[in-house]
Amino acid sequence: MIVLLKPNPDKAQLDSLIKWLESKGVEIHPTVGTTQTILGLVGDTSHLDIDLISALDIVAGVRRVQEPYKNANRKFHPDDTVIKVGNTVIGGGNLTLIAGPCSVESEEQICAIAQKVKESGATLLRGGAFKPRTSPYSFQGLRDEGLKLLSVAKKLTGLPIVTEIMDIAHLDSFDDVDVIQVGARNMQNFELLKALGNTRKPILLKRGLSSTYEELLMSAEYIMAGGNNNVILCERGIRSFETYTRNTLDISAIPVLKQLSHLPVIIDPSHASGKSALVAPLACAAVAAGADGLIIEVHNDPEHALCDGPQSIRPEAFDALVKKLGRISSAVKG
Amino acid sequence: MIVLLKPNPDKAQLDSLIKWLESKGVEIHPTVGTTQTILGLVGDTSHLDIDLISALDIVAGVRRVQEPYKNANRKFHPDDTVIKVGNTVIGGGNLTLIAGPCSVESEEQICAIAQKVKESGATLLRGGAFKPRTSPYSFQGLRDEGLKLLSVAKKLTGLPIVTEIMDIAHLDSFDDVDVIQVGARNMQNFELLKALGNTRKPILLKRGLSSTYEELLMSAEYIMAGGNNNVILCERGIRSFETYTRNTLDISAIPVLKQLSHLPVIIDPSHASGKSALVAPLACAAVAAGADGLIIEVHNDPEHALCDGPQSIRPEAFDALVKKLGRISSAVKG
Amino acid sequence: MIVLLKPNPDKAQLDSLIKWLESKGVEIHPTVGTTQTILGLVGDTSHLDIDLISALDIVAGVRRVQEPYKNANRKFHPDDTVIKVGNTVIGGGNLTLIAGPCSVESEEQICAIAQKVKESGATLLRGGAFKPRTSPYSFQGLRDEGLKLLSVAKKLTGLPIVTEIMDIAHLDSFDDVDVIQVGARNMQNFELLKALGNTRKPILLKRGLSSTYEELLMSAEYIMAGGNNNVILCERGIRSFETYTRNTLDISAIPVLKQLSHLPVIIDPSHASGKSALVAPLACAAVAAGADGLIIEVHNDPEHALCDGPQSIRPEAFDALVKKLGRISSAVKG
Amino acid sequence: MIVLLKPNPDKAQLDSLIKWLESKGVEIHPTVGTTQTILGLVGDTSHLDIDLISALDIVAGVRRVQEPYKNANRKFHPDDTVIKVGNTVIGGGNLTLIAGPCSVESEEQICAIAQKVKESGATLLRGGAFKPRTSPYSFQGLRDEGLKLLSVAKKLTGLPIVTEIMDIAHLDSFDDVDVIQVGARNMQNFELLKALGNTRKPILLKRGLSSTYEELLMSAEYIMAGGNNNVILCERGIRSFETYTRNTLDISAIPVLKQLSHLPVIIDPSHASGKSALVAPLACAAVAAGADGLIIEVHNDPEHALCDGPQSIRPEAFDALVKKLGRISSAVKG
């Protein structure tokens, strides 16, 4: 960390700052220029509060040199994290396909889709029980009943379940859930992250709509600080000025997050675009860029399509897409 | 609401859509053009799920004409909402000043600041007990102990308390809190909003960092749908490409939100800028643009400034600012 | 186009509006609801000025149904535009590789790189002669001398040249340039677009840093309105809140622009990321998503790397990348 | 400037970097830590190309300490720049009001508005002759004829003229123009900026829609590097995710730009909001925040309002606003 001092800093305040920093276990290397004095801080600075230092009267600015996350940082954990879920693994060169409907609606629906996507090659089943909706008047999901139906589909197909949690109070009902999803709007719900850090369940952590890579990794760090290292990062589109797509898939997140962190990176092309016609090209791009997996919305009943999101694709389209993704994955590996 | 159909829509699907819409209680007025057919929906469309309709095969697009919020909408409630808190009111032409430290740190600190800001003209005391921090390694607030210290300061000065809640589970400890703040990162924590809708406490709802006015009003609607109409909207800066300021104060939020809604609008110039030198000019601008109040960070102890955010101002600066704001408020009213 | 009227519009103003719209050759279909009257406009509305109509006292809002661009619109030109440049074509299923240095620096440099990238499979040579730089104190390019050196490299290798124009006044010097590039910062330099519309040269039009798809297509429309249909669209990254990468590649631009328009779509992974390590994964993603080509910065002289941008890759890396892209392209086509 | 080196940098490359930097006239202060070596650069670094240094193999990152602009920097020119235009001055505590129609349409129109706004207190006349329009099919302004009509209005009222230039080639026609405006979309049209730097005309430089303060000041620096110090900065709204307003006025730009630079700062509330109802509150906010002036669209003919933008206000509204702004300006000064 580098602390830039204002010109002619008060001597007493500077001594007090240096003493305080040293008490935190960092070494200080000052550079005195004609117009600017710089303190180079060497050692573990991840526990220093950058805002507090910036607030000091004598400080002009603070620049980080090291990343503020440790457990999630590839520098300290060079090997890929591989997460075992049921009979499958996420990360480590595996291409994981998670598929299922936007919302769980009925036993028939979730079981039928589960069987279909399993046949096509999906290894995990997704489905929303608790639904975060912008409007209080929109369908909020089947909630506990939805979790039960997911368990039925899991028993039938053997597919582990991925579903979203919206509040700590619901955690007790998530016993049979294999991967707990944290939605984009809860990426900085720090109390929820802490609670999930106290479990040992794999957590699929979605990036917030306008969050940076560092903020995503700091949220992962919240979970890992509790001892739960089973974190899967998920890029699901950021908010941009473009309104044609619901969000804008940040494809660079794949190589960058994999470089900064050892955690697996999953892409959600369905929510990223909000349009079924874009799911296949975005999924192909994600695999070509090195994603560890995809989470895709698949619906089953075009006649009652009122109940599916505009970003869901049909089982036949999913089946064709899986074949294409396999070819691209091989092409990338050479 | 206007539904744009794709060219040559399937007759059976169109009939089914029209029947479904009519079953929701809306009247349909079709406009048949040579290249485009449009359905004009007349009646209360706030309960229709725009995403579901957009997903239909025969639909090219949906455009809202009416706002999707009702309780928060000025069209249906033309008069300003005025919220009584202790001996003061928020809204209705009153200029409310909320002031206090970033975090509650000790009884001496919070009581000293409370007395200072009261003398200058603040009518509510703010102070963080539960602190949402990007890093799990940063100070997370005194939590329950912080709430107790706020109560001590309230008893001493008579100032009602404003403080942030981070999880439903903490609600029981907020009995003596007068106004519960929902932070920007929790603006779409829908389960929390629902729980607060079941209380009758005034809620200070902060706008999310990249949220639109409509999304803010829909989050207010979540609270109001539970029967709690005591919602105060708070603009605290949006994320922009500018990195010189921590966030970018959206000053237009004041006249726009007051036009769209009857709820009071409060401005937070401290978090909007992240720099103490900008607090005064932004506060002046907010009052000139018609804000119902301000929430400002004030610290008291420059010698130990390590504990205050870079956006806090000193009591003397707050005192001078209050006088200036009074003059501007009079100038605006003419 | 749909015009939403305010409640109880003035009769005389409404009649005057309808008469004016009819004089522009559009048919009017009014829908009268209890709270809202809507005018459905049928016919060619691309020449109507949406701002002027919105400004009317009786108008609450205007919503477009049809795209405001015509020549660039796939609806009216279903077949892919294929642009012939020298011995190669851009568009129509071809994967075009444009490569070369950030800036032209010397005859040795540009000729050496041109030969290298040609051997690897590039079919066009890029190189900056006029350089748009944020600072007036940065190197501004060799300008006219740079154009001459590009011509030398073209003569030597037979590769057609792509280079950027920064002002109409320079157009005379661009005779030997095969594809004229318009930079992101000039995407809405309308006078320049008009001047280029009067030539018949292929134009590589880069998307502005915060422009929408529609704005990009409207800028293409400016060129095409002058009779020059040889426009190549180029996505080169948008500005986002992420600062780790210089810009954020909007990979969705590929399928969306190809759906909305018949013009070829080229991706610039070098400027999109600003980091050489990201060029390969982004290039792979672009080909997987269906791009018509890539424009990539390649430098040749690691010992004097001070003169190359941080996003340039070396000839050997380019060579390996081209092979990978070929495999992915085949995998996508199946 | 601070250069962060990668761990274990190549000795020869490091020596070559240090030698190169010293040849540019800067002193090097290295800080060698256990995991990181830092070079502190002391001296005038504004001429160093940050991109080139970042591109070096041994460099992990570069952080600026000093601003890259010099002529526009308040540090080197502590006193406010005051620009004389006709009989009035811009900057230095004066509140300048620039008013006039969106587009010049006829002699009657421009002269009538000029007289009206002069009576209300405007000291400069604005009016568009060359109009940057997103669509090639929209009205592009009266161009040279518009400039002539502005001159007629100037002769009649004595008000100096402010109007926009769109291309260097038009510069000859701008002889009688007193302040040349550079539009937001041309803020980084560097060739145009250079040409204007060679004149001695006052330049009203509008901030780009997604530009940072530093980028705006670097564009001012382009003009000033040519010897023309008569630059007026203009904030006119940035692009944000909010679609209710056309743009989002960044009110913080006023205190920040005035702190970073000595140049006058003018606010355009008309384009910032795109809505006439927001012009007054935003103008009031701008004056309260310390703006040096305002540029406001005023139209005169409500019956033919089709020709005015939705953000124009009527002369009576402008007259009332001017009175209010005077009161606020006095209140701010105390």
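Letters are used for the chains, namely A, B, C and D, taken in the order the chains are written, and counting of residues starts over at 1 for each.
In the analysis below, a residue touches a chain if its C-beta (ideal position, glycine included) is under 8 Å from a C-beta of that chain, and two chains touch if they have at least 3 such contacts.
Fair warning: this is a prediction, and the values are worked out from it, not measured in the lab.
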Smallest count of steps, each to a touching chain, taking subunit B to subunit D: 1
Pair exhibiting more inter-chain C-beta contacts, B-C or C-D: C-D
Most distant chain from subunit D, judged by the mean position of its C-alpha atoms: A
Centre-to-centre distance between subunit C and subunit A (centres being mean Cα positions), rounded to whole Å: 32
Inter-chain centre distance, subunit B versus subunit C - centres from mean C-alpha coordinates, in Å: 39
Euclidean distance of C-alpha centroids - subunit C vs subunit D, Å: 27
Sites on subunit C at which at least two other chains make contact: 210, 239, 241, 243
Graph class of chain-chain contacts, one of line, ring, star, complete, other: complete
Residues on subunit A engaged by subunit B in the complex (per definition of touch): 20, 46-47, 49, 51-57, 68, 132-139, 166-169, 185-186, 188-192, 194, 209-210, 215, 218, 221-222, 225, 239, 302, 305-310, 312
In the complex with subunit C, residue positions of subunit A that touch it: 210-214, 238, 240-245, 248-252, 254-256, 259, 272-273, 277-278, 281-282, 284-290, 324, 327-328, 330-332, 334
Subunit D-touching residues of subunit A, taken from the complex the two chains share: 2, 4, 27, 29, 31-36, 38, 40, 42-43, 61, 63, 65-66, 239, 241, 243
